[in-house]
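We call the chains A, B, C and D, going by the order they appear; numbering starts again at 1 in every chain.
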Amino acid sequence: MQKRLGILTSGGDCPGLNAVIRAVVSHATLTYNWQVVGIPYATRGLLERKAIPLSIHGLDLRGIDPLLNMGGTILGSINKGDTLAHVEEIVAGYHALELDALIGIGGDGSLAILNQLQKQGNWNFVAIPKTIDCDVSSTEKVIGFDTAVNTIVDALNRLTFTAASHDRVMIVEVMGRTAGHLALQSGIAGGADAILIPEISYTIQGVCEHLAELRDRWGRRFAIIVVAEGVQIAADSSKEPSSQKPSCGIGQYIADELCSCTNHQIDIRVSVLGHIQRGGIPSASDRLIATAFGKAAVDLLANGQSAQMVAWQNGQVIAVPLETVLASSPCLVNPNHFLVQTARALGIYVGENSILFG
Amino acid sequence: MQKRLGILTSGGDCPGLNAVIRAVVSHATLTYNWQVVGIPYATRGLLERKAIPLSIHGLDLRGIDPLLNMGGTILGSINKGDTLAHVEEIVAGYHALELDALIGIGGDGSLAILNQLQKQGNWNFVAIPKTIDCDVSSTEKVIGFDTAVNTIVDALNRLTFTAASHDRVMIVEVMGRTAGHLALQSGIAGGADAILIPEISYTIQGVCEHLAELRDRWGRRFAIIVVAEGVQIAADSSKEPSSQKPSCGIGQYIADELCSCTNHQIDIRVSVLGHIQRGGIPSASDRLIATAFGKAAVDLLANGQSAQMVAWQNGQVIAVPLETVLASSPCLVNPNHFLVQTARALGIYVGENSILFG
Amino acid sequence: MQKRLGILTSGGDCPGLNAVIRAVVSHATLTYNWQVVGIPYATRGLLERKAIPLSIHGLDLRGIDPLLNMGGTILGSINKGDTLAHVEEIVAGYHALELDALIGIGGDGSLAILNQLQKQGNWNFVAIPKTIDCDVSSTEKVIGFDTAVNTIVDALNRLTFTAASHDRVMIVEVMGRTAGHLALQSGIAGGADAILIPEISYTIQGVCEHLAELRDRWGRRFAIIVVAEGVQIAADSSKEPSSQKPSCGIGQYIADELCSCTNHQIDIRVSVLGHIQRGGIPSASDRLIATAFGKAAVDLLANGQSAQMVAWQNGQVIAVPLETVLASSPCLVNPNHFLVQTARALGIYVGENSILFG
Amino acid sequence: MQKRLGILTSGGDCPGLNAVIRAVVSHATLTYNWQVVGIPYATRGLLERKAIPLSIHGLDLRGIDPLLNMGGTILGSINKGDTLAHVEEIVAGYHALELDALIGIGGDGSLAILNQLQKQGNWNFVAIPKTIDCDVSSTEKVIGFDTAVNTIVDALNRLTFTAASHDRVMIVEVMGRTAGHLALQSGIAGGADAILIPEISYTIQGVCEHLAELRDRWGRRFAIIVVAEGVQIAADSSKEPSSQKPSCGIGQYIADELCSCTNHQIDIRVSVLGHIQRGGIPSASDRLIATAFGKAAVDLLANGQSAQMVAWQNGQVIAVPLETVLASSPCLVNPNHFLVQTARALGIYVGENSILFG
């Protein structure tokens, strides 16, 4: 009997999800002759027992396959569902939909939930990591990160010309949750003057002195400061550390503090990049990762493996047990990483232990 | 004796300013053998009597001319200077710098100030219109608008996939000051479901009903609402119209109102595009306009004309007296314009007199 | 009874065709409650009596409408069909498919054929002009041109950096058939050093002297030469003018001649941009024109008008009788146009009556 | 005494070279207080004893640093110089220019020559690998490759819509010399139907059968075939294998053979992407690699190391002796690589041992 494979996307969307769906449908159909169904809105689709048949034909507009180029997910997703309130129903949904196996694409939050469900439901399950935050452990590459970095770099280029034209300090708040990968990599690639990430503490005084040095020693009259959304208030903040996260947004907080610190002598603007960081045509690298991961996930299931996550390690696509992934800490920026050192070598302020200009 | 031509950029920056500078330097040098100097930071450069020699060579990096592709302005600009407090000094600066003529690139605010100065100072002066708001009268095209529309459309594409993946209503706040051109044109080109502009009043009820119709009749579970920054509070707002502009930003205000109106049944997010709208590599059209305007401005001065603005009318680059330009109202969206009708024909809500679906 | 509207795309594809289809389907459905069907492969669809129902829903992937962003045409097209051999059958196809009206999108070749058919068949017919060549008369704007110019400018930027790095002369052959609009506008916007178009004759000697002046007087060691595909052999060619179009391609021909003329002292490369000029995500302007044209075409048919082409004139979308359009010569570059003068003012060689550097 | 560091770029240009130059100048100046000079046109600059002072200031236009975003190389490059005829003079040039160390950026050809020179001249020398072909051994990442793949994928997207609109087979010839990395990765990411690379033999019959299967079994009426420039004639070619490389170009050759094989029943076009593959704004990844490599190369020299190449291995930037790099074979596509398997899993024809649809 023809096997029936489900696929769902969970958590915040990112570019490359549709490319995974395309790869899974193509490989499962062409190579194994399975039927593939999409489960809409992550676990909610299991709860509501909905499945959308996906075929190579069905995804086409006159044979033009837009899935490879399209951001978002045609299956829909949910960020926080009522999953934990309906565990049994969701677990049963897998069987009610007569699935032989399930592929779930998600970040670490989603993967933890899906792992619980698969254990309880005795599912055949393989996970594929995606997140623009790049904080899933056990894999060097995840779907969505490369596109997001490119999107931010493009925005930094735009903002740099505006800032330079008006002698402004531009503070750019980027995503990343508790991880600073997005800020660090886009900041280096986008020519930032300071990069603040959650993993490295900083002082307002340090940023101020850096801006002064840029101006006095190098004649720079503008600056670009990239701030990760997960950054907390400064070690030397004038504000009460009653809360670690200012309500106005961390970018605005930094702007206010710098304003005070410089006696309002500099023109500071804040730009919160927001949801555009999740969108866009996936980069070549994200399409390639998505396609390779989709293919590998199908093969794992065909080989009878389950409770695995596909991962990119040392130039190979391998399988890592989900338990191993979830037992590890999220992948954060190592403060001694060579990219941090690279940033400092170029004169970028990256926090307290920064050595400014040797 | 070799004539000496000054050039300055004034007001908010936009893509295409450097392309004008390049065209002016090339044409004035090659055709008329003038010397061209850049006046830094608009009128402040005149006040401080600063002039930077600009030559075809001087702008190059090994013969690679990056000016055509570069956003911003290498001359720097100011938004609001202390111009009115130093009129006489600024006027005198023109002569102290031994300028024979001056080209000023600016929006209507800058042009009004520059016109006053040129009258008082008896300058040889030609203006070139630039603004991403497209609200300068007497000209169909201005520098910067086309690139800004493309930037917003690109952002709308990104946000649409995210919104669709999560069944969200995404409110996108765009620039434009008192004019709705940016919102209207990018909204149509970017596939918006509602477009709110300052020139057409709207009701929260109207937007809510439109969202309901999209969902109930057409099965759409997400929506994109483009809001011009100049939009005021709704005719049927639940808020006190004590101020016409909510402090939190008009996008957030609309979000809050929609939230109330729908009993918090929809997931709404706000994205304020901000300064990225001013940046970026200029579009082909903006480069072409910039080059044609720069060339025409030099020719006008060579022909002894002054107090003119170059303008694009009926497929020609012409000269319009600055007085005529400044005597006219800013160019706003005509509520009966065919683009407004086009938006409504496609089922887009564009305000109170909108006829929804025939 | 519900009216039935057909729509077809004819001739070479370009970005924006799908945006027209989307606008026509939306407006005809929402405003007039017509049924819209797509006729595949232009007149071949009429011959074979094929019609594909198009609905607002049917074009969606989960409510995500990719048509606005998508190049090409989902209806398919043909460049040269066997139309003239089957006129009667095609004419009859319109009635056999029970069409009440037809919208045809095409360039001047397609429009001439469609006009013949509509006359013979007594069709209700409105045409929409599209062509990356921009040579349809009676309209200032056509669908596809703006995107193509931007595509070429992007390619010129890429090639400029390569040429500059290697001190090369790069000859870039672009499309445009008998018209030079694409070459002229992209050449100015892309920073070309010479632009050869069919409308203005040139000499190899003139190009050589220009390259020498760039090198000797301005220190430029590389150059970008944009050549329209419709350019003929040079007035002073060393080759027999037995044929006006060299078989190797006009770009290669110019390269060979320049090579001889300079005694092989310069490193010359040829890049034929080819079909990428037809592709890509439509620009904001092309989406806007496409949407406005699609809306206007439906309105014309609703108002009982026929044998018209929608056109952009003086900032308005109007209707022009097809006979008027077809009786006019194709729209070519006027050798005295201000854009030609602008190019020369910047020191670009544009043919024989070029005045080099005053 | 202040140390003097030279930097040169050699071989074909690619995006990211200027980002390396920027990183080297910044790090060497800020951290070590060295003087940095650019050697123009690779070894020719040494021969002619030319050195251009590079400073953080000198590269700026009003503090706007365009180097990070700019394709090409401001130092110029040569592909094949007369290096071997002037070895002694070039070797002596290093000392005549009073260099204490030299950084050379190049592909494997350039690196072999530079290695010979440094041995003979007893130079302090570190190499940085760049090549869009990705064929330098001992390093997982090289400068330029990621941007080139993205450029090709963008072109494939454009061509796909045109091909699909006209039911065409589009053959796209891409660069890569003897390596298939560019073709393989861009083909997968760009949705190709067949990918021909030098490392895997193919038959015309195989391609024909694949096209027939696409049409007959899947209803696809168009196809995209990516051909690496290094591909040789088919195993079953109708042509004499007198030469392994057809003079007309490999893309045109495949087109002609397919045309014969299908009795001229299909519409085939060839697009040779050419030099645009070398150009463009560097991708975020290429900027990051370039910056990290530039920083690491300066550190190596500061630590007294020489005759090394910086390399990316297992997520680290390390040093590999140049001798080791040059003793290894160029990095080609392993026919059993998981990306080849991934391509086949998606139903892409990748040569003779391809298993079509299981």
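As a convention for this text, contacts are C-beta pairs under 8 Å (C-beta built on N, C-alpha and C of every residue); 3 or more make two chains touch, one makes a residue touch a chain.
For each chain, UniProt lists the protein as follows: A, B, C, D = ATP-dependent 6-phosphofructokinase.
Remember, it's a predicted structure, so these values are computed and weren't measured experimentally.
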Distance in touch steps, counted as few as possible, from subunit B out to subunit D: 1
Of A-B and B-C, pair with higher C-beta contact tally: B-C
Distance between the centres, which are taken as Cα means, of subunit C and subunit B, whole angstrom: 29
Intercentroid distance (Cα basis), subunit B paired with subunit A, Å: 33
Contacts with two or more other chains, residues of subunit D listed in rising order: 62, 64, 70, 72, 76, 157, 160-161, 164
Subunit B-touching residues of subunit C, taken from the complex the two chains share: 23, 26-27, 30-33, 56-57, 62-65, 68-69, 140, 146, 149-150, 152-153, 157, 160-161, 164, 185-186, 188-191, 218-222, 283-285, 287-288, 291-292, 295-296, 298-299, 314-317, 338-339, 341-342, 345-347, 357-358
Touching residues (chain side subunit C, partner subunit D) in the complex: 9, 12-13, 15, 17, 70-73, 76-79, 151, 155, 157-162, 164-167, 170, 269, 271-276, 278-280
Complex interface listing, subunit D residues touching subunit B: 59, 61-62, 64, 66, 70, 72, 74-76
